[in-house]
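Pasting the structures in now, so scroll down.
Look for subunit A in each of the two complexes below; its partner is subunit B in the first and subunit C in the second.
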Partner chain A sequence: MTAVPTGRNEALYFALRNGKLLAGLVVLVPLLVLAAAAPLIAGGDPNAYVATPASPPSAERWFGTTMFGQDIFAQFVYGLRVTFVVGVLGGGLAAIIGMAIGFTAGYRGGLVDEVLNMLTNIVLVLPALAVLLIVNAYLGVRSVGVQALFIGLTSWPWAARAIRAQTFSLRSRDFVDLAKLSGVRTWKIITREIAPNMSSYLFMTFILLFGGSILIAASLDFIGLGPSEGVSLGLMLNNAARWSALHLGMWWWFIPPGAGITAIVGALYVMNVGLDEVFNPKLREL
Partner chain B sequence: MRRYFGRKLLVYGLTFLVAVTINWMIPRFMPGDPVQSMLARANVSQPAAVEAMRAHYTSLFGLDLPLWEQYGNFWAALFRGDLGTSIWLFPTPVTDVIIRAVPYTLALLIPSILLSWWAGNRFGAFAARRRWLDNTVLPIGYVLTATPYMWLAILLAWGLGIVAGIFPVSGGYSFAMRPNWSWEFVGNLALHWFLPFVSLFLVAFGGWAIGMRNMIIYELEADYSTYLSSLGASRRLIRRYAFRNAVLPQITGLALQLGVLVAGALVTEIVFSYPGLGHLILQAIQNQDFFLLQGTFLFIVVGVLVANFIIDIVYVLVDPRTRTGIGGEAA
Partner chain C sequence: MMLSLEGVTKTYRVGAFGTATLTAVDDVSLDLVPGEVVSLIGESGSGKTTLGRTVLGLLTPTRGRITLDGAPARPGKAYYRHVQGVFQDPFSCYNPVFKADRVIKMIKDEYFPGVAASEWEGRIEKSLKDVGLDPGQVLGRYPHQLSGGQLQRLLIARALLLDLRYLVADEITSMLDASTRIDVLNLLADLKSRGLGVLFVTHDLSLGNYISERAVVLYRGQVVESGPTAAVFGNPLHPYTIKLLSSVPRLTARWDGGDPAVPAVEVSAGPSTLVEEEPGHLVRRSGTTLTRSVS
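For the complex of A and B:
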C-alpha cells in the first residue's frame, strides 16, 4: 500500500476511494447537470401542449406525453430543478436554525438551554406535514420559495438536538477553555473553535435535511398543496394520480417522477454513509 | 421517574397549546381572507345573498369579536368537542366526519408501524456483520427509505392491482357492499386493506433495518462485547446483549419517526382512496373545507402526542435506568 497523505488531503484521499460516496455522486451529479441544463434540453415551457396526448415513450419523446400532450421528459428535467431548489433552501434553512439553536443551547447551558430545549421538543413532536398542510392550505398563491421556507421552519428540531449534544461534549475541552481564558468572544469561540471541529458532522446533517425536505415537499405537492405554477416531481405525481394514469395504464407518467425523487434522496443517504466513513477513521475499510 | 413523566407531560401539554394556537391563528393572520374565498367559491351573484353569507361565515369564525375573546371561544368550543361543521359533507359536524374515518387510518397505521419496527429491527440485527446479507440488504434498505410513500403505493397499486389484478386499488371496501359483520365483508375489508398496509410497511421497514444494523455494529465494537468474547461467550450471547442495547435508541427513533409515518399513511390513503384521514384531507383541500382540515390537523396532533406518551411509558418499562433516576438516554 502506498503512503496515506495527511491533513486536508487525507479526507480527499479516502473520499476518492470510497465506493458509497462515489456511487452516490454517480447518481446525483448527472441529475444535477440535467436540472441545471433544463432550459437547454427541454426548451421553454414544460407545461406546453406539444404532442399527441397519452403517447408512450418514443425516440422523439423519451418519456412519452401526458393525457394533455405535455412532454413528460421536459416536465421531469424542470421538476428536478424545483426538487433541488426545495432541498437546498429548505434543508439549508433548517440547518441554519438547527445550528443556531444547537450551538446556543449546547454552549450556554443553564436556563437558555432549558428554554431552547423545550422549544425544540415542542416542534419535534408536532407532526411537520400536518402543520405544513394547514399553512399551505391557507396560502392563496403558493411558490417554491415559500414552500421551502415553511419546510425549513418545521424540520430543524432533530438537527438542533444532535448539534446541541455535540457542542455539549466539545465545550469543556481544553482548547475551548483556552480561548475563553484569552478573552475571545462567545460567538467567535463557537464559529472558530467549536464549529470547525464538527464541520463534517454539520455537513452530514445538512445532507440529511436536504433529503428530508425533498420528501416532505413531494408529499405536499402530491396532496395538491404544491406550487401554484410551474412543475415539480411531486406535482407530476399529483397530476398522474388525479387524471387516473394508473387506471389508464400510463406507467410512463408516474414512474419517472417517483424514480427521480428516490434516486436523489437515496443517493444522498448513501453518500452520507460514505462521508461518515471518510471523516471517521474508525469506520474506514482499508 | 415522576420528574421524567412530569417533563414529558409538560412538553406535550405545551405542544397541544401551540397546535391549537396555530390552528386558531392561521386563518386569522395569513394573507388572504378565508370568508372571501368561501364566498367566491359559492358563486352567488345577488348582493343581498352575498351579504347574508358573509355575515354567516363571519359569525361562524367569530371574526366580529375582539381577538382575545375569539381565542377564548375557540378553546371553549374545543372542549365541547365542537370543531365546526363540515362544508364538504354539510351539515355533518366535523367531529363526526373525523370519527368515522379514524378507524381506517388506525387500522393501517398501528399494524404497519409495529410490524415494520419489529421486523426491521430483527432483520437489521441479523444482517449486521454478515457480509453477504449486508451487501444486498443495505442498498435495498436505502432505496426503500428514500422512496416517497405515495410512489411505492402507486407502483404496488399498478403492479399488483391493475396489471396483475389481484388486489382492488380503491376504497375501503367494495362499492357493491354495505358495511356489516359478515365474513364476506370482513374479507373484503382485508383485501382492500392489504396493499396500503404493505406499502407503508415496506418503506418504514427499510429505515428500521438500516438503523438497527448500524446500531448493532456500534454495540459489537463496544468494550463490553470485547470483554464478553474474551471471556469466551458465544457469538449468539454477545449478539443478544448487543440487540438489547441497540433497541433503546430504536424506541426513541420510533417516537421521532411518528410524524413521518403518519404523513406517509396520509398520502398512501390518498393513492388508494382509502377512507381514512388522508382521504378527508384531500377532500377538505379540494372543497376548501377549512373546518374539516383544521379538525383533522388537531386530531393528528393529539394522536401523535398520545402515541409519544405511550412510547415514553414503554421506554421506562424497558430501560431500568429511567426508573431508578440514573437517567437513561431519553431522560
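For the complex of A and C:
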C-alpha cells in the first residue's frame, strides 16, 4: 500500500478510492448537470404542445410525447430542476431545524429537552395537509420556494427525535467529558465531537428528508396545491396516472419521472454508505 | 495549592416525576495536597465515581463546596489547567472517528494557541517521554490501533501538558492487564514524587495500599473510615473496612471449600459521626450498633 496522506487530504484520498461514493456520484452528477442546463438542452416551455400526441420515444423526441403532444424529455429535465430545488430546500430546511432542535434537546436534557420534545410532538401530530390547504386557501401562494418552505416546516419532527436520541447516547461518552475537561465550549463539543460521530446518520437524515420532500411535493401537486406553472417529476407522474398512461401502454410517460426520483434518492443512499466508509476509520480498513 | 472538599453532597431525583431522591455522595470532606496520593476506596455504587466527577466539575454538588487554593472551583479553563482527570475506559475516552493525538491538539487549541509548532512538538515529546511512550508509535494513529495501556498513558501525557497539580484517576487501571497495570501505577507514583496530588479512585484495596499515602473508605456515599493508609489497612476499625479487607483474595491462599470468614456488616441508618480514633484516623461511629473497641 502506498503512503496515505494525512489531514484533509486523507478524506479525499479515501473518497476517490471508494467505489460506492463514486458510483453514487456517477448517477447524481449527470442528473444535476441536466437539471442545471435545462434551458439549454430543452428549450423554452416544457409544457408547450410541440409534437404528435402520444408518440413513443424516437430519435427526434427522445422520451416520446404526452397525450397532448408535450415533449417528455423537456418535461423531464425541467422537472429534475424543480425536484432538486424542492428536495434541497425542503429537505435542507427540515434537516437544519431537526438538527438544531435534536442537538439542543439531546445535549442539554432536563427542562429544555421537555419543552423541545413537547414542541416536536405537537408538530408531529399536526395534520400537515390540512394546514397546507388552509394556508393555501388564504395566502394563495403557488411558487416552488413556498412549497419547499411548507414542506420543510412540517417534516422536521421525526428527524429531531432521531437526532435527539442519538445525541443523548453520545453525550454521556467519556470523550465528551474529556473535551469538557479540555475547556472546549458546548457548541464546539456538539459540532466537533458529537456531530462527526453521527455524520453518516445526519447525511442519511437529509437524504430521507430530501426523498420525502420530493414525494410530498408530488402529492401536493396532485391535489392542486403545487406550483401553478411549470413541471416537476411528481407532477409528471401524477399527470401520467390521471390520464391512464399505464392502461394505454404509454410507458414512456411514467417511467422517466419514476426512474428519475428513484435514481436520485438511490444514488444519495449509496453515496451515504460510501461516505460512512470514508469518514469512519474503523470501516475503512475492512 | 490545596484542593479541598467541604461537605460535598450529591443527590439525584429518581422515580416517576422525580419524587424520590437518591443520595450518591453524602457529606464528604477531604483535602488533597501536592505530592500525595489519596485513594478513594469503595464498592460499586458507593459514590466514588460520582465524587470523582464532582471534583472534576462534570457534576455540580447539591450541597457543599470544592475549593482550589481557597477559590471556589468552577468548571472552566482556569480550573482545568490545574485539575485533570483520567477515566476507567481508555477506549471510550477517544473520539473513534478521529486520531488519538486529537486529545493533545485540543489542549493546544484551547490553552496554547500562541505556542509555535516547533516548540509545541518539543513539549509533546517531553510529556510522552515522561509517561514512557514512543512518539512515533502513538502520534498519527487511530484509537483502535493503540493498546489500552498506550491510550491511558497518552491521556496522562495530555494532562501533563498543562500546569497540572491534581489528577483524578478514576479506576484507571481496571481495564488494563496485570503487567501494564503496574507500569501505570509506577508512573503515578513517579508523578507523585514530582509533586502531583492524586485522587486515586479504586475498588481494589491492594492498589490503594500500593500507591497511596492516605485512604478514604466510602460506603453508600458516606466516608466510613479515613486516615493514613498504614492505619486504615493495618488497623481497620469500621466493620465495613474490616469486611472489605477480609474479602480480598490473597496470592498465597487458596479456597478451601468453607465459607470465607467475612464478618457481617451492620451499618446503621441513623445519625452517625466521624470520630478520631487515632491521630488522623477517622472512623464513622453511631451510638449503638458499633461496639468494637480500639484494640
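Note that in this section the second predicted complex is superposed on the first by the 211 of 286 C-alpha atoms of A that agree within 3 Å, B and C clash if a C-alpha of one lies under 4 Å from a C-alpha of the other, contacts with A are read in each partner's own complex, and residues count from 1 in each chain.
Keep this in mind: a contact is a pair of C-beta atoms (placed from the backbone, for glycine too) under 8 Å apart; a residue touches a chain by one contact, two chains touch by 3 or more.
Here the structure is a predicted model, which is why all the values come from computation and not from measurement.
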item: Touched partner set for A:S219, first subunit B, second subunit C, both or neither; value: first
item: First (subunit B), second (subunit C), both or neither touched by A:H247; value: first
item: Between subunit B and subunit C, more extensive residue contact with subunit A; value: B
item: Touched partner set for A:M118, first subunit B, second subunit C, both or neither; value: first
item: First (subunit B), second (subunit C), both or neither touched by A:Y269; value: first
item: Subunit B versus subunit C as contact partner of A:L129, first or second or both or neither; value: first
item: Partner chain in contact with A:L139 - subunit B first, subunit C second, else both or neither; value: first
item: Which of subunit B and subunit C A:L21 touches, first, second, both or neither; value: neither
item: First, second, both or neither for A:P196, with subunit B first and subunit C second; value: second
item: Subunit B/subunit C common contact set on subunit A; value: 282
item: Subunit A contact footprint on subunit C (complex, rising order); value: 53, 56-58, 75-77, 80, 84-85, 87, 89, 92-98, 103, 106-107, 110-111, 140, 142, 144, 155
item: Residues of subunit B that touch subunit A when the two form their complex; value: 10-12, 14-15, 18-19, 22-23, 26-27, 30-32, 34, 37, 139, 142-143, 145-152, 154-155, 157-158, 162-163, 169, 221, 255-256, 258-260, 262-263, 266-267, 270-271, 281-282, 284-286, 290, 293-294, 297, 300-301, 304-305, 308
item: Complex contact set, residues of subunit A against subunit C; value: 6, 173-175, 177-184, 193, 196-197, 199, 279-282
item: Subunit A residues touching subunit B - in the complex, by the definition given at the top; value: 118, 121-122, 124-131, 133-135, 137-140, 158, 211, 215-216, 218-219, 222-225, 234, 237, 240-241, 246-247, 249, 251, 254-255, 257-259, 261-266, 268-270, 273, 282
